[in-house]
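Note that the chains take the letters A, B, C and D in the order they are written out, and that residue 1 is the start of every chain.
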Amino acid sequence: MTLDWESRENTDFVYRRYNVIVEGPAIKPEDDKDVKKNMPPKEPFRELALAVIHGDSDRAREATKTALASTPPLDVIEKGLSKGMDAVSALYAKGAYFLPDVMLSADAMMVGMNMADAKLGKAREKKGTVVSFVAEGDPHDIGKNLVVMFLRSNGYEVVDLGRDVPNADVVSAVKKAKPVMLTGTALMTTTMTNFHHVSDMLKKEGISLPIFGCGGGAVKRDFVESYDMGVYGVKAFHATKLADAAVAGKTWKDMRKEYPKIVGEFVGEYADRL
Amino acid sequence: MGIFRYTKLAYREPDEMLFGHAKFPVSAHWGLQFGAGYVVPEVKVAPEAGSERSKEVMVKECESIAEQAAGRAVDIGLPAFLLEQEHVYQQTHFPDWGGACTRAQADVLERFHNEYGIKCGLRQTVGDTRLEERGGLRGTDYDNEIAESIEQCAKNGASDIAAETMGGKSVLDYGSMRGDIRAILFGIGVLGSIDMEYFWKRAVRICSHYNCNPAGDTNCSGANSVMYIAGGLLGKDFSHTGAALARAISAARSLVAVECGATGPLKDCGYENTIVKAICGVPIAQEGKNAVCAHADVMGNLTCQVADVWSNESVFHREEMGGPTPGVWLQATGYEAALMNTAIQTGNAKILRDLYTLTDKYRDPQGTLLAYDNAFRVAGAIVEYGKDPYLRARAAALECSKVITEAYDAKKLMLTRFELDSLNKYTSVLEGLPMESERFIDECMKEYPKRIPTFDPKSYGL
Amino acid sequence: MGIFRYTKLAYREPDEMLFGHAKFPVSAHWGLQFGAGYVVPEVKVAPEAGSERSKEVMVKECESIAEQAAGRAVDIGLPAFLLEQEHVYQQTHFPDWGGACTRAQADVLERFHNEYGIKCGLRQTVGDTRLEERGGLRGTDYDNEIAESIEQCAKNGASDIAAETMGGKSVLDYGSMRGDIRAILFGIGVLGSIDMEYFWKRAVRICSHYNCNPAGDTNCSGANSVMYIAGGLLGKDFSHTGAALARAISAARSLVAVECGATGPLKDCGYENTIVKAICGVPIAQEGKNAVCAHADVMGNLTCQVADVWSNESVFHREEMGGPTPGVWLQATGYEAALMNTAIQTGNAKILRDLYTLTDKYRDPQGTLLAYDNAFRVAGAIVEYGKDPYLRARAAALECSKVITEAYDAKKLMLTRFELDSLNKYTSVLEGLPMESERFIDECMKEYPKRIPTFDPKSYGL
Amino acid sequence: MTLDWESRENTDFVYRRYNVIVEGPAIKPEDDKDVKKNMPPKEPFRELALAVIHGDSDRAREATKTALASTPPLDVIEKGLSKGMDAVSALYAKGAYFLPDVMLSADAMMVGMNMADAKLGKAREKKGTVVSFVAEGDPHDIGKNLVVMFLRSNGYEVVDLGRDVPNADVVSAVKKAKPVMLTGTALMTTTMTNFHHVSDMLKKEGISLPIFGCGGGAVKRDFVESYDMGVYGVKAFHATKLADAAVAGKTWKDMRKEYPKIVGEFVGEYADRL
């Protein structure tokens, strides 16, 4: 280069890498105080939780195998694997964990859960069913995939319709699955309008679906709130809290009003609703 | 009445002027400095429609603007930024609103400053709610509420106070709508200057009781209005040479705030600050290519040339696909400031400055006037008659005319017939004006009060 | 299959690379040239919500975007501009919509070109509507409609056709969500490259029948997705060193369009074009600080460094206080292009280039990679293995890792623990990968098809 | 300056002054072909029209004085002065005249008109009354002033309420003046909302006002169309065409739909309504 930065000092006037500046000391995830508080103290649960926390699918497989030899499958899931996933959610929410960490943990959790389910023999009762789709004409599905992952690893049955889903297919899936909630994702000005159509079609069918949460790119809260049942979803991991709220009987009107309370954190998009 | 008047320039030659550098830097709390060797990006965002329905909502609205701007600032690594809130009516009209909004924003900035060490500042630009046609500019409830709002803001954490006062507007509007350059000169150069003195003496006094800088006052109602109305190259509402003359005049008027004790960073939207900086050496805010949200100016790069604060212009508070506008537009100004700061740090600032200037110097006659070398000449004309607000404003306009004519004669600047004709017409009117302030005022007072019903001479002690 | 592969760089040294200059300039109708010694500003605006309700409405919508952009261009005196329409679903899915929209926009541009002599161009970026999980990428109705839409656009006045194809997305998404660099390399470097060849051979063939340039293809689904997810400095969704690696890999993939005959200006949003230009010398479009409407990237200035077209990123079509967005954002890119062109005309372009670069070179590891001197090194690594899509992509990633590590070791670039750890982890995975393309593909094929239900090997002839 | 532009040639790559490039040859306004077509051929009308066209108030005073000696005042206005103003409007609309020209012409026209009115003795019948205001809290009145000027010089009686006008005052002025149209101007996000309030207040009073046209800064069409009676006004000179339409019985709903047709030109803001 003709100019050479190194020959001058004060890059500080141009940029500051705050991520490096404010970085705290390294700690192991299991030493985090919020994690510690909720970790199952006893084996085999502790090991199950740790395998999930570390996002180690092999370790989860081993630990589940060992645990299932002596422990009821439901306990393996609820007292072990799930506790690990709770810790992971806490770490992600506070910024100590990154998304790939969460994904790997979710993978590990699913490995154990599938083994436990198999052992259980009959279908385990799920918290509820959610139908998820990406709007017709829209190929953007990363957000939807995250939503599905978070819901599944939090105990929901998810009917994943994929992307570019015709509105009619959404409606019939809802009719068939009777979900507690429908999640739609769209990112474009000209595909998000499908939410509106789906809402109308559901109403016409007399279906009163508790929620219809959507988020992404061009989609903003005022648009989502311009049709019935619409609740603007901000972060993919909020989907689980919203589903929990739906199970607990909250309506879409409640969700609009209480979004930050329901997801348990400050949400810029709902700053005026607090 | 004895305020200090500039009769010398702050710089020996135009080449000494440079973005990020002011002869008299200004410090503010939260670690920020202006004109101290780096350019500070600024953002301003208009409160959303409906947010005026209650004080509580307005405060939340302003807080979220601050939150979104500061969040983006750290996320993209800006070393420093200035948040400006241009008061809407209610923030000045109800001074406690202004105070509470300032407090909410100051708290956000303080938190970010403490957490990340980011340098920041908070500018509150009060609204000039006075109505000349309703009781005049002085001593009315409107007038008093402004003083109170300034105090509330200064007390509640603003690092500086700015304004865009409207003295002279009645006459100026009459003039700009009719291409009457004498009315423009009278409105901005005489009446505007008189009112500025009234307004800024008081504002400076109030600020001095708090840890708050009296920043200054741009000629929005004159230079900016006229630029806005003049519009783009194909605009047919006002001549661009006339707009250049109005801006030259406005520099003589905006200088008054500094003469009353304002310290800068001077407020931006009138685009006259290059001239003012040449005279008094205080830091200035400027807007241009990152104010496209609000203006189609024809000199978006040029205005960077000697800016100490680089700003947008108030934008809707809403969501872009890339996030809320406070962050989006701070990123825009932040990146431009970063480029200027790199140039400073690597010793290439003067080259970048000249590139900015040349990009627009001949795009439009307004750019020709404001190019820092020409602006310096106009500044020189102003201080030559520095003691007399009228004469210096007239001198500014005449020098502006010379600058443009020379550029045209040298075939560097092209002009349309309309631009050239109006320039010539205005110039000869200006040349024919008396050389005594009193006579000029007398002549104007014979004519304009009867023609302009909203003009209230006693607002100017006339 | 025998397409041409680059095994040499287009430039001898990085310093030869400069904005506005490409080794192989491209001409388009309406007087426009790319890479021919000046930078062309570009604007793109997303059709409004609801405009998809009928063909007629969509055509009107696109026409008004063109009208508003062109109107502003002449009003601020831009010598040239490029209008891009990124197809929404319906414009590609119904090829006659794409054709009619193109025609309407072309007519507007032609009118302005005839009336004012302004140079202009019209880029149509078709949407990749193919769905790997629904019948695969080849020969489906989806696939065929794309070819038809390209033809309709080319026939109806587009000066170039671009795309953002999604080959490899299934595997890549899996990898980026899990920090699995091998999957990223396989998804972008191998599968992406294979699909590019399929897609662009055809696109080039279609364009060749019309007066329309096949422009090229940026790795939106890879490099851009990952950058977007990585977010700002405080983002916690993906490592920025990982994002840099993905981008290095994507350069090896995006090069394929050129190898199939694409001429540029290459499409922008993946930000990989500096590397690609170093290899093949075609003009490139870039976006950065004037794409704040859509992105909070951390290298807004740097991307100007060697741009031939300077663009925003699709923005809502609506009103700003300063007018409709097509004009507003064209003004933003237009003024930045003007600055670059002044630098070129005054002989200072290389200084400005370096200022752009240095402003962001160490703001973030992604900037470190893309700084043109480093990008040049990565380009060198690619052509060293130029014949083999896999090996060249791997080499790009490894060189990127080196570049970042060196900058870190030299204490020029600071990294967080997460950035450093992930870089080291990814690097050792990359180093451990086989040196034979077939073996790598075999290994991947053993693992990913069963893990990723949406992955369809036959879409890639595997 | 360190760098010197003049040492290089091609500024053409940086900017182009299209206004200069496309400028046609100079012609006198009265030689313009559209003006010619509509100019009164005979004196004293021709001279009256010319005085207005040239924006020369002194000349208008003279010409009116002369004309009134031999011609009925109404003819002086309608066959002379007004014809001049029509020509001016045409010149402005096609970009041959600039706004200050129009203002000076309007001034000249008013000079003549006032003299003719005085001679007439009784109040001349106006086309109709319009009430104009700037919203409460808003000081921006240039747009409003233009509207008033255009309306007055086109034969309307205008009740100009000024700026920063309380909503209640607007309503009582409307009740009193019974205008054919109400024009509101606002430029700010937080003052334009008053249009909405005024609309509500008028409705509550049972007043069905044909139009309520507003424009400026932050105000956009979708906002104005979000309340009853609102019609988004784009250019100040459109106000006269809108008033004419109101007199001719068009409702605010018609105006929304037919705006471009009513004002007789392409209007970007209504591009989708054609």
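Definition applied: contacts are C-beta pairs under 8 Å (C-beta built on N, C-alpha and C of every residue); 3 or more make two chains touch, one makes a residue touch a chain.
From a predicted model like this one, the values you see are computed outputs, not experimental measurements.
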| item | value |
| --- | --- |
| Of all other chains, the one whose Cα centre sits farthest from chain C | D |
| Pair exhibiting more inter-chain C-beta contacts, B-D or C-D | B-D |
| Centroid distance [mean C-alpha coordinates] between chain C and chain B, Å | 40 |
| Chain B and chain D, separation of their C-alpha mean positions in angstrom | 30 |
| Inter-chain centre distance, chain A versus chain B - centres from mean C-alpha coordinates, in Å | 49 |
| Shared interface positions of chain D, touching two or more other chains | 3, 5, 11, 14-15, 17-18, 218 |
| Chain B residues counted as touching two or more neighbouring chains | 46, 74-75, 77, 233-234, 316, 321, 338, 341-342, 346, 348, 351, 354-355, 358-360, 363-364 |
| Chain contact topology (line, ring, star, complete or other) | other |
| Chains that touch, pairwise | A-B, A-C, B-C, B-D, C-D |
| Complex contacts: residues of chain B adjacent to chain D | 14-15, 46-53, 88-90, 93, 127-129, 131, 133-134, 166, 173, 176-179, 225, 229, 233-234, 236-239, 316-317, 350-351, 354-355, 357-364, 371-373, 410, 412, 414-418, 454 |
| Chain C-touching residues of chain B, taken from the complex the two chains share | 46, 72, 74-77, 231-235, 288-296, 298, 300-301, 313-316, 320-323, 327-329, 331-332, 335-336, 338-339, 341-343, 346, 348, 351-352, 354-356, 358-360, 363-364 |
| Residues on chain B engaged by chain A in the complex (per definition of touch) | 37-38, 57, 60-61, 63-64, 67-68, 71, 74-75, 77-79, 115-118, 318-319, 321, 324, 338, 341-342, 344-348 |
| Interface residues, chain A side, partner chain B - complex | 3, 5, 7-18, 21-22, 217-218, 220, 268, 271-272 |
| Residue numbers on chain A that touch chain C, as the complex places them | 1-3, 5-6, 11, 14-15, 17-20, 23, 26, 92, 95, 97-101, 103-104, 107, 136-139, 141-142, 145-146, 162-164, 188-193, 218, 223 |
